[in-house]
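In what comes next, chain A is part of two complexes: it sits with chain B in the first one and with chain C in the second one.
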Partner chain A sequence: MFVYEKKLLYPVKVSSCNPKLAKYLIEQYGGADGELAAALRYMNQRYTIPDKVIGLLTDIAMEEFSHLEMIATMVFKLTKDATPDQIRDAGLEPHYVNHGSALYYENAGGIPFNASYIAGKGDPIADLYEDIAAEEKARATYQYIIDLSDDPDLNDGLKFLREREIVHGQRFREAVEMLKENYSERKVF
Partner chain B sequence: MKQPTVKAMNLLEQLQALDFTLVELRLYLHTHPDDEKALQQYNETAGQRVTLKEQVEEEFGSLAPNEPFTPGQASGWGEGLWPWQL
Partner chain C sequence: MSEHRKSWKPYAGKNDPCPPLKEKTYETPPNLYLGVQEPGLEQYKPADALKKGTLWPALFGPYESPFAPSTRANKKED
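Showing the complex of A and B:
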């Protein structure tokens, strides 16, 4: 089961209303390498991954959900006071016409979230390499958003998230090594 | 709804820092199960969390369901401000 704790993983602040930054950030909400994809990918892999790695996958999946909540908070804070003019200037009119001020699982180009962003191969090594690649892609995406952002408060949260992807990638690499050791000890999996 | 005091926000941020330490150590311990120093740090931090969480809940109300309602709070976690409203 899940228990929700009413606080963010890391404090989220934004300096000012800035729907343009929200438009970039939505990539990490509903994009191919975003937090929703990450959380769902790891949750789903748990059932067929060797027991040794289930705990790690579960904890990282939970952390990805808390990242998703941080991104949502950022987007909400960046857009909640936006005027129609600001929405137009940010290029968010298509989103506004369809969703009003609601958040939506879509990428920065407005394409809705799609399950084909996630692989589930049922092969531990293939799945973990996919996870490592996903973490690297998420890290790169955070870097691109930071490059475009001039909001120091927002960037503080984004840098935290970028570092977390590095740590996750490291843990997944260690998990691969653990499984490889297992393989060499035990021929039948 | 009224925004929390500076003192309340400080307590919340302290709890966030503690909980982050637990998240980070838990991930690390999955792949380093024999690191006794990390395990000890995890347990110490988890212990400190108990008191700090009580202090935070005195300010904000319950943080999670399935817990006793905080004294002085009319109801559980469904009241008060949500993280994105702070």
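Showing the complex of A and C:
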């Protein structure tokens, strides 16, 4: 069951109408290492992972959906009211012809989202290592978008999302240690 | 350079068509080093934590583009 809270996880501010940046950002919406892939990956793996880390996968999956919502808001704001000329200058004509001003789950190259972006191997260690890699790939993608972006307000939100990837990577690494049952230092309270 | 950024100096050929980047960088965020987080680590104040994206200074790995003028990882001198 989902309980929806009608506000964003982190405030999204965009300085200017900039469809070109939206074209880059869509990678995090419908790309292989984007937020949709992340949310679906964890929400699917959680069923077959050992029970002591199910909660972690559920929590992170939920957070990824809130990130997806932030990315959608960013893309929407960057393209809202853009004229056909601006769409053309940004190289978004194929998207516009196909989808108008609607958002769509596709990557920066216009390839539609594909379930093969997600692995579900059913092996707890294989799945968690996949998740760690996914977080690091998403972190790298955010870095590349920040490198290309000249919008300080947008970058503020992107830097927040990038930091969350780091935290998730940490928690997945800890989950591996839990399954190894080999804490270097076991604390008892 | 940030402690979370490492660099190396790649080979540059005499006839490389793009002006060579003398130094290239990559990020090594704090999750690579922390191990299983110990209890009782220092925390940010809640408002700061919400802004930074983490409650824990030990997990905060900020990023600035290495190509931004302010970071200047690839200075054009000499």
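Note that the second predicted complex is superposed on the first by the 181 of 189 C-alpha atoms of A that agree within 3 Å, B and C clash if a C-alpha of one lies under 4 Å from a C-alpha of the other, contacts with A are read in each partner's own complex, and residues count from 1 in each chain.
Heads up, the rule we're going with is that a contact is a pair of C-beta atoms (placed from the backbone, for glycine too) under 8 Å apart; a residue touches a chain by one contact, two chains touch by 3 or more.
Remember, it's a predicted structure, so these values are computed and weren't measured experimentally.
Asker: Once the shared chain is lined up, is A:122 touching chain B (first), chain C (second), both, or neither of them?
Answerer: neither
Asker: A:50 contacts which: chain B (first), chain C (second), both, neither?
Answerer: Once the two structures are laid over each other on A, A:50 reaches no partner at all.
Asker: Kindly classify A:94 by the partners it touches after superposition: chain B alone (first), chain C alone (second), both, or neither?
Answerer: After superposing on A, A:94 lies clear of both chain B and chain C.
Asker: In the overlaid three-chain picture, which partner chain does A:84 touch, first (chain B) or second (chain C), both, or neither?
Answerer: In the superposed model, A:84 contacts neither chain B nor chain C.
Asker: Is A:69 touching anything from chain B or chain C once the two structures are fitted on A? First, second, both or neither.
Answerer: first
Asker: Of the partners chain B and chain C, which touch A:167 in the superposed model: first, second, both, neither?
Answerer: In the superposition, A:167 touches chain B and chain C alike.
Asker: Go through chain A and flag every residue that touches chain B in one model and chain C in the other.
Answerer: In chain A, residues 10, 167, 174 are touched by chain B and also by chain C.
Asker: Taking the touch rule as given, give the residues of chain C at its contact with chain A in the complex, in rising order.
Answerer: 27, 29-31, 34-39, 50-54, 59-63, 65-67
Asker: Quick one: in the complex, what on chain A touches chain B?
Answerer: 3-12, 53, 55-56, 59-60, 63, 69, 72-73, 76-77, 167-168, 171, 174-175, 178
Asker: What does chain A use to touch chain C in their complex?
Answerer: Where chain A meets chain C, its residues are 10, 139-140, 142-143, 146-147, 159-164, 166-167, 169-170, 173-174, 177, 183-185, 187.
Asker: Which residues of chain B touch chain A in their complex?
Answerer: Within the complex, chain B touches chain A at residues 12-13, 15-16, 19-20, 23-24, 26-28, 30-32, 56, 60, 62-66, 77, 80, 82-84.
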